[in-house]
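Both complexes shown next keep subunit A, but they swap its partner, so subunit B is in the first and subunit C is in the second.
Let's turn to the complex of A and B:
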């Protein structure tokens, strides 16, 4: 593309007062020889925009550099359509608003920012969106309450839906319930699930195909073109789907694993067993078939316990209330004892709790059941401790039946465990060395329980299922990105995503189906679906230079890159989230976006003017994650917080896209220090791309070794974890780092 | 865990307390707002949350012997703050009634508590008894100056009152024995006799009442009622004994010191009762929490004070039309009070005193981490700190 740059400098928003814009314009016109450079006092106003548009229209400009506010501001105003390339230079939030006005250092900062912007604009290429044949069909795996609602919502929105259920009938767990929690005012009576109508509606819907007693054999491909191999009895078929909703539900926690002595007595049931008995109509003591006159519900049986399920399943308390009513219907004088840690009855279920509480024969107690024993009368004696009735004293309670309220375990498959197991099994087959065999055997022993637990059977290089977070839920970040799993185009809904009741699961299904629809529609337009929704760029692999090191295929958090037998990456662009982590990983630098590449960022670092060591003007390069750290820097400017003007900020799509060559380049050019600002990582990570900042910190360790060899202090590089709301920390973090760099003295490579 | 205590809920007791506390007992979900705002509750002997929970579980034996139910002065602050409307103060009141009922001798009289029919029957029987005394032996009638003895001869009236009094003393003694047994069974081990003196001193000063959020008005009302009543009771007994043995001749002269003292006491009683009635009528929580038992007791005491003053006035006016009738009403009320003493709210003077004595030691040394001031040892009339912090005080 024949580049014709136009630089547009805005003097509004106090930029004109803070900076010498005439001198700034000289950077464009004299230094970088940009043919068109205009200054306007209100660039985002109609007059300013009309000027830019007319320059674009008459062909004198095809690449626009806007030197004004942050790229996060006025995005719509400075969007001139897909054909026009735009680069934003942040003179407002990160220069004029955060540094002293009419100051030499501030002016130098502004000029460097413009240089960097022009350098990038010169290298940007027009985007060519993906355009392949996309299937809009959505596959729903699981025909429980979430699956049924997801399928119905999708079909009612006009999308073809294929639903696969492994049982012979639809309905799942909720289908087998006698009653569900109250959903209508005044929320004091349990209700019938009414799932039958939904199932009928589903079966008669022209856009829905239901396969019961069926399973998913294998899923290949990528969003918009998943090839799903199904088996139903002896028959096999392959269908094409654009996106997948995984609604595989939950299973009860295994009561045999509990530490409660006596939990294996015959008259101890789980809440799920009670539910089944109630639905069947008979609730007698399992040991002798006698009627039940007193029941003890042990809530949190294994829940909120770090040794079992560390979370609250949110339904067991309300379920115990409902089941208390089942027993009361059989015998009005049954005594119900409910021993809880905290009654969790979310929302209007509190009304139901109040109603159940009011019965004189329902007894509630906060406390802990320590053991269960059978006494001479055939009753079960429960020993309670830590209750307000007993303080430190143990108390006994004799009952006919004990119900353990066990929590919900997601019906997910632990992708990473399965993959590790498979790798170990392969290693064992290869029998390369004794040490390796021993290690493989150990791994297999640890992970054996994950054998044959596959659900989706994805044909992905990184494993057959969804990676799970803590506690086995395959969700991505549950606050920021609900439904999004770590596999693009596959969305979790219902109890497999998070513990929830049937009402929430039905709503959840709608949410996940919306995501699936968004995914196929974005795929049709060749755009990224999330979190960079609408992004038309995607990485391009210059495979002729690939050394098959497999770093990209291993590090991609979304499993977007498969491999052929030799280990050459096979990129699946529709699985990609455009974070650039592969670009940062690649040692050969063969992965680039048309508007974001190793070369482009390197050119930006080279555009920075580095004063020589006599001037006492250090130069610090900051690579800032554009999702969290960059907005925090902007926010600091908006709050008029000032910080050292020797920093030069380059936004990255994700800190994981940081290629270490940039650091080497920068230091060899005399930049005195490099700071990486990324999201928090670890268990409670905040990275939009799961592991970006964590990968960057790992790469940094390698860089520091190199530095030592070059006789450079490793303190010249630092990684800071900065959340989007931590703008108040920005000045301190930057000023401290600059102070440390000043202490280290100028970079000895200056001037080389 | 053979030695662990077996929890055996008593559904009947649950129903009884629930019915007598306004039917919201089971609503409590143990947030402990009540105990936090209570200025009398201590770490060593917390209430009313614990008692409400025990009542929900029908743990009768624990509750009947729990001195804490008597340490509560029923200011109803907890009820005002209860987020669930469980009415903890009403529950405490119902528990006190349940205790009185079960300590009663003879047992069947226990039903008097909170039972309108029995209360009125006792009143009616008292009236009949007195009528019999007045009318049976038709006395020499109406010679000026009119004195009450013309209608109610002392030689009949006094033996009857002393006989009834002896019966009441017996009933109270048995009630006391039962109550102390229940206290001991429920684990309240503090020595009672040596602590009676400080407990009585506290009662005379009413400092705990002052700590209570009910504020100074109710304290004043209760204190005046107490002083007025004690004064009148002492006077009545003295005059009764004196006149029976011929040491005193009634009616006493108007300026006789004992007479002046008695008149002052009557006035004090009436003022005190008026304050208590006004408080009960104006405070919405108190008003809603007032049971028949409460009103019956107030009406009885107030009625005695008023009819007493009125009788004296009518006698001084020599109003033949009204003086004997009003005096008859007055005597009926006094006799009713006698008979009701062990079975009505009135007996709280005894049980509360014993409960305070039994817990005196622990209240003097609250032990580990007492959260708030509020025991009898606190002189501050400012009241406790915690409730101030937690919300506005009415």
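Let's turn to the complex of A and C:
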């Protein structure tokens, strides 16, 4: 593209008072030879915008540099459509509002910001959106309550759905239930599930194809064009889908694993077995077929126990209430003992709990069941401790039947474990060295139980399934974005994502289907999905210079890059979330976006004027995450908090897109210090690209070698973890760093 | 296998009522799937209660982080029209063809506002800062909170002196229009999502807990602002009346919830919220005594992991027992909490510097001009065809659950379509 830059400087919002804008304009016109440079006192007003539009319309400008407020303000005003490139230079929040007015250092900062903005604008290229044929069909894996609702919601909104269920019938666990929890006012009676109607609606829906007794053999491709190989009995078929909802449900925790003595006695049932018996008809004692006159429920049988399931399975307390009613329907005088740690009956289930509490033959005991034994009468004696009945004396209760409220285990596949196992198996095959063989054998021993547990069988370099997070659930890590997964276009729904009851699973399924539909609709437009929703840019790989180092294929948090046999990356753009982590990882700098590249940021760095060492004007470069650190800097300016004017801020899509060559370049040009501002990492990471700031911090380890080679102090580079609400802290963080850099003295490479 | 006709048909807008996290999510999710949306919010900003939270559980991360992403999603999406200070006045018609009359109150500040702040500098009068639960005051012309969206100031005219035009004269951009009047707009929409959310239960109604009478009894909603760096105390948690740092804090759970005389349901979020808030206290006061009086600790799902970790790491004292009474020592202003320790089988009275009432959620369903099935507590059980309730107006829910529900509601709303619908 033949660049025609226009620089538009705003003098409003006190910019004119704080800065010498005539001198600033000379940076554009004299230094950078920009043909058009205009100043307006109210650039975002109609007159200012009209001027820019008319310059664009008559062809004198095709790339606009707006030197005014933060790009986070007036975004719509300065959007001149997809054909016009726009670069925003943040003179307001991060210059005029956060630094002394009419000050030499502030003026120098403004001029550098404009130089950087022009440098960036010169390197920007127009975007060419992805435009491949996209399938709008959604594949749903799993035909339980979540899968059924997902499929029906999707089809009702006009989308074709393919549903794959491994059993012969749809319905899953909920399909076999006598009743489900109360959902209608007054919330005091369990209700019939009504799943049969949904199944009928699904089967007769023209947009739905159901494959029962079927499994997914393999899924290749990417959002918009997944090729799904299915097997149903002897038949195999390949279907195309645009996105996937994984609704594979849960299984009960294995009661044999419990530490409770006597839990294997014949008259000890699990809550799942009770459901089946209740649905089948009469519930009798398994050992002798006699009626059940007294029942003891052991809640948290495995749940909320770090040795078993550390989480709360959420449904067991309410399920016990429901099952107590099943027993009472058979015999109105049955005695029910419910032994709990906390009765977790949130929301309206509290009403149901209250109703059950009011029955004189229902006893709720806070305590722990320590053992179960069979006595001479054939009853089970449960020994309880810590109940409300006194601290020291254990309580013994003899009952006909004990029900273990075992918890929910997700039907998921541990992607990372499977991939590690596969890698170890490959290593073993290659038999490279004894040490490697031994290590591989050790890994295989540890992870063998994950063999053949694949569910989706994705043909991804990073493994066959969704990565799991907490406790084996492929849930999201984000409170605000609970459907986010690390595999674009694949969304978990229902109890496989988190423990939940059937009401929530049905709703959850709708949300997951919505995300799947949204993913295909955005793919049709060539747009990225969350968090860079709407972004049309994507990385381009100059493969002729690739050295097959595999860093990009390993570090991509979304598994977007596969490899051929030689290890050359094979990029799948529709899986990509456009964070640029691959660009940051690449030592050969072959990965670039049209509007974001190693070269572009390097040019911005080069555009900074570095005063010589006699001037006592250090220059510090800050790479700031644009989602958190950059808004915090803006907000500091909004609050008119001031900080040292020797810093030059470059926003990055994610700190993980930071290429260390930028640091080496900056230091070799005499920049005195580099600060990286990224999101918190670790277990509670806040990076919306999963590992960006963590990867940046690892890359910094490598920079230390560069520093040594250059004989520079390691204190010249620092990474800070900064949250978006830390606008009060950020000025101090900057000033402290600048003070430390001043103490180190000027970078000896100045002037080289 | 693609079904081209599924999107070639024109999608009519969805009306989303309520711009809290549920409505905001619903609007953005639907718009990103290609469906136009009109989002109306009765206050001057989007984000609702979430915007006032200091941190989310279980990650203890700041809500503005997610709101920032959502703001960018709004900026990038031309399919969403946002009306703040707007309420639904009437709804008629049928699915695919509803007519909604929306009434907007004047903001007195136009979109041309640049947030430069010249107006606030000259504004002579102050109003109670409702964003901070009424703790402290702010200028009558203000940005509702520091990162509020839309990016415009607004004027609360209730305190403006007669004939005062100082702000309008100070604005160099002509962004202030003191003559703005309430307006009405009729929209044609295909479906409606009600996301009107919740308000905290009025703690003053719980006589025995002393809220409103004793200054150092605060609610969990107030504590969020007291802990927030952009709150009235710059994030320092201090006793409201004397500004002293608290040495002992009691969290009183089920303040209103699970109580036949108040809210007979469980609000579902308060247990985890109090544990989260205990970390705020611990962060600032490593030596403070922190007690949680509870009936059952309800931290379902993965929140249990958070609860276990938080209790262990913050030296929290958990007492199973409902606090029956809070009294004040008139000399010190300290509070005497009487509660039964159910496990130990004894009643005791203990002294605290600060008491936090974990007040529950009250659904905001009254006054909606729609024929809804509403339960005895005010939650919306169902609406007419094409009208879907979502989030806390339907059921007490935490943030993540509200967002999931909002996402699913967006899809349900997308099934109602007409041709050529739009503004009238």
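Assume the second predicted complex is superposed on the first by the 749 of 752 C-alpha atoms of A that agree within 3 Å, B and C clash if a C-alpha of one lies under 4 Å from a C-alpha of the other, contacts with A are read in each partner's own complex, and residues count from 1 in each chain.
Going forward, contacts are C-beta pairs under 8 Å (C-beta built on N, C-alpha and C of every residue); 3 or more make two chains touch, one makes a residue touch a chain.
No experiment lies behind these values; they were computed from the predicted model shown.
Asker: Please determine, from the superposition on subunit A, whether subunit B and subunit C clash or fit.
Answerer: Verdict on subunit A: clash between subunit B and subunit C.
Asker: Of the partners subunit B and subunit C, which touch A:675 in the superposed model: first, second, both, neither?
Answerer: So A:675 meets neither subunit B nor subunit C here.
Asker: A:383 contacts which: subunit B (first), subunit C (second), both, neither?
Answerer: The answer is first: A:383 touches subunit B but not subunit C.
Asker: For A:456, select first, second, both or neither according to whether it touches subunit B, subunit C, the two together, or no partner.
Answerer: It touches nothing on subunit B or subunit C.
Asker: Considering only touches as defined above, state whether A:366 meets subunit B (first), subunit C (second), both or neither.
Answerer: The answer is both, since A:366 touches subunit B and subunit C.
Asker: Could you tell me if A:661 is touching subunit B, subunit C, both of them or neither one (first, second, both, neither)?
Answerer: In the superposition, A:661 contacts neither subunit B nor subunit C.
Asker: Tell me the contact category for A:514 with respect to subunit B and subunit C: first, second, both or neither.
Answerer: second
Asker: Is A:397 touching the first partner subunit B, the second partner subunit C, both, or neither of them?
Answerer: A:397 sits against subunit B, while subunit C stays out of touch.
Asker: Tell me the contact category for A:358 with respect to subunit B and subunit C: first, second, both or neither.
Answerer: A:358 sits against subunit B, while subunit C stays out of touch.
Asker: State whether subunit B or subunit C is in contact with more residues of subunit A in the superposed arrangement.
Answerer: On the superposition, C touches more of the residues of subunit A.
Asker: Let me test your reading of the model: by the given contact rule, A:728 touches which partner, first (subunit B), second (subunit C), both or neither?
Answerer: second
Asker: Superposition on A: which subunit B stretch among 9-17, 27-35, 189-197 or 243-251 collides with subunit C?
Answerer: For subunit B, the listed stretch overlapping subunit C after superposition is 27-35.
Asker: Would you tell me the residues on subunit A in contact with subunit B in one complex that are also in contact with subunit C in the other?
Answerer: 343, 354, 366, 388, 390
Asker: Which part of subunit C faces subunit A closely enough to touch in the complex?
Answerer: Those in contact with subunit A are residues 1-7, 9, 21, 29, 32-34, 56-73, 75-77, 112, 114-116, 146-147, 151, 172-173, 228-230, 234-235, 258, 264-268, 296-305, 308, 320, 342-345, 375-376, 379, 381, 395-397, 399-401, 403-412, 414-415, 417.
Asker: State the interface residues of subunit A toward subunit B in the complex, per the touch definition above.
Answerer: The touching residues are 335, 343, 353-354, 357-366, 371, 383-384, 388-390, 393-398.
Asker: What does subunit A use to touch subunit C in their complex?
Answerer: Interface residues on subunit A, with respect to subunit C: 12-14, 41-42, 44-45, 69, 72-76, 133-137, 153-154, 156-160, 184-187, 207, 239-242, 303-304, 306, 310-314, 340, 342-351, 354, 366, 386, 388, 390-391, 470-471, 473, 475, 477-483, 498-500, 504, 507-515, 517-518, 521-522, 524, 529-531, 533-534, 627-628, 631, 635, 638-639, 679-680, 684, 686, 688, 723-728.
Asker: What does subunit B use to touch subunit A in their complex?
Answerer: It is residues 1, 4-7, 9, 11, 14-15, 18, 26-27, 29-30, 49-50, 53-54, 56-57, 59, 84 of subunit B that touch subunit A.
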